[in-house]
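Listed next: structures, encoded as structure tokens.
Consider the two complexes below, in which chain A is the common component and chain B and chain C are the respective partners.
After this line comes the complex of A and B, so read on.
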């Protein structure tokens, strides 16, 4: 399990232990990765984050066209594994969770513990630090630091 | 769905039963429910289905048949679960003084009706 921000780690660790999820990806609604568990290649995690954020953007737009509120979550159930995708509001903005699970758990358990995870994230989030200007000289250093935090390289 | 609710309401009519649910065993999600306030049906469904799945594996490992009734007794009441056809579970949450014998009979009857 790897997280960009340390306060995300303990709630995510607890969610992984309780839900028995195989893969979990936490991202912003823009597709920026916040934390991940189960991915081994950076290319996979970046693609999954972009696709997950794209799916949630599409469902938000579908909900708008249908005149309903935002959809809370979506489940794709396959023969060997399923995927749970859910967007939620945090003190740091709207985030998306993508969870892949196998027959060792169930969508009911994933859904149950994901809601607890969301509540714990909201409680653990520190007050937002003031954002400094994005400077070109800092960009590569910050990008490398993020990649090291997420993939340990 | 109306038929399922009628079946559940018959079980709920037993004295001391606080709620009943029809749960998809593999997914742990609620199919139909008849619950009193204060019961988190989604949590009960997910956790009971998980427990029944583990018990099934346990009895299979021991060379036994799958359980026909699961009774989890707590200090202030019980959770009962009975497997039904179509990979469904009838789940009941009871108070401490509930008529558990009648509840089990009604649940087994309900399991036959949802088949």
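After this line comes the complex of A and C, so read on.
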């Protein structure tokens, strides 16, 4: 399990255990991963988050064009596994959950426990996001070295 | 907005390549994808039409390595350039930490560059972002074309770069200027993160 902030961990672990889902990714509406749990090695996490955020953003926009408000969630059911995608508000802004599940559970259970998970997240969130100095003032030298290494120059 | 994981000491930033259709945004990402070692980049995802025009976005995650003790990752996105796709452009632009404006240096594309730049400003404003507060660099692509077809770096700076931000001449197809552009925007985005001040 990986989480940007530790308070996300316990509700996420509980959700995965109760719903019997295989993978859960939490991401910002810009597509950046804030937490991941489950068999994430089976998934290209960053690409999945970018695509999930794209689907959610375009669905929200379609809903707006149709005058429907926001759609709560989306489900895609495949032969071997399904995907549940839902956006929700947190004290840290709007997040998106992408849940991959197999035949060992059902979309109904995933949906049920997901709502519970969202409520628990809201209750667990500390009021302030952690703040602090991030990069040293003279980070440019390290950045230049990293970019040179990346491009082989 | 940049995500900073203090526990795992990890930074993730979102960079969007913006500009008119066929200016070379996807080509920039393809060049980066081709040059960066496999261990330092993810898969490049392209949501394109059958004619290879960007439909929604291209996406390429790269790992810059450790900077000030933080594992630093950049997520590179392109937008679809054609004016028809403005709704999707707005979606991709959400939460951008920096923008590379890829202009087409051909004289005949002058108006398209201006229109796209105006569109960028409008779309950012709609999201409550003042372009003057966001790290932006310009890339003048296709400078390898015959001189009578393209505008010079100086002419393009005069026409587009009102704020005098960093600008780079490029030939993205062969890689010239691609690295310099990425370095330029990376510095601005990380500088902003380091001191919390607006980008210069």
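The definition used in the following text is that the second predicted complex is superposed on the first by the 122 of 153 C-alpha atoms of A that agree within 3 Å, B and C clash if a C-alpha of one lies under 4 Å from a C-alpha of the other, contacts with A are read in each partner's own complex, and residues count from 1 in each chain.
The definition used in the following text is that contacts are C-beta pairs under 8 Å (C-beta built on N, C-alpha and C of every residue); 3 or more make two chains touch, one makes a residue touch a chain.
As the structure is a prediction and not an experimental result, all values here were calculated from the model.
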Broader residue contact with chain A after superposition on the shared chain, chain B or chain C: C
Which superposed partner A:54 touches (first chain B, second chain C, both, neither): second
Touched partner set for A:150, first chain B, second chain C, both or neither: second
Partner chain in contact with A:87 - chain B first, chain C second, else both or neither: neither
Chain B versus chain C as contact partner of A:105, first or second or both or neither: first
Partner chain in contact with A:96 - chain B first, chain C second, else both or neither: neither
Partner chain in contact with A:32 - chain B first, chain C second, else both or neither: second
Touching residues (chain side chain A, partner chain B) in the complex: 77, 105-109, 111-112
Of chain A, residues touching chain C in the complex: 2-6, 28-34, 44, 46-47, 50-51, 54, 57-58, 61, 130, 132, 134-137, 139-140, 142-144, 146-147, 149-153
Chain C residues within the chain A interface of the complex: 1, 3-8, 11-12, 14, 35-37, 40, 42-43, 45, 47, 56-57, 59, 61-62, 64-68, 70, 72, 75, 77, 87-88, 91-92, 94-96, 179, 182-183, 186-187, 190, 193-195
Sites on chain B touched by chain A in the complex: 23-24, 26-29, 42-43, 45-47, 49-50, 53
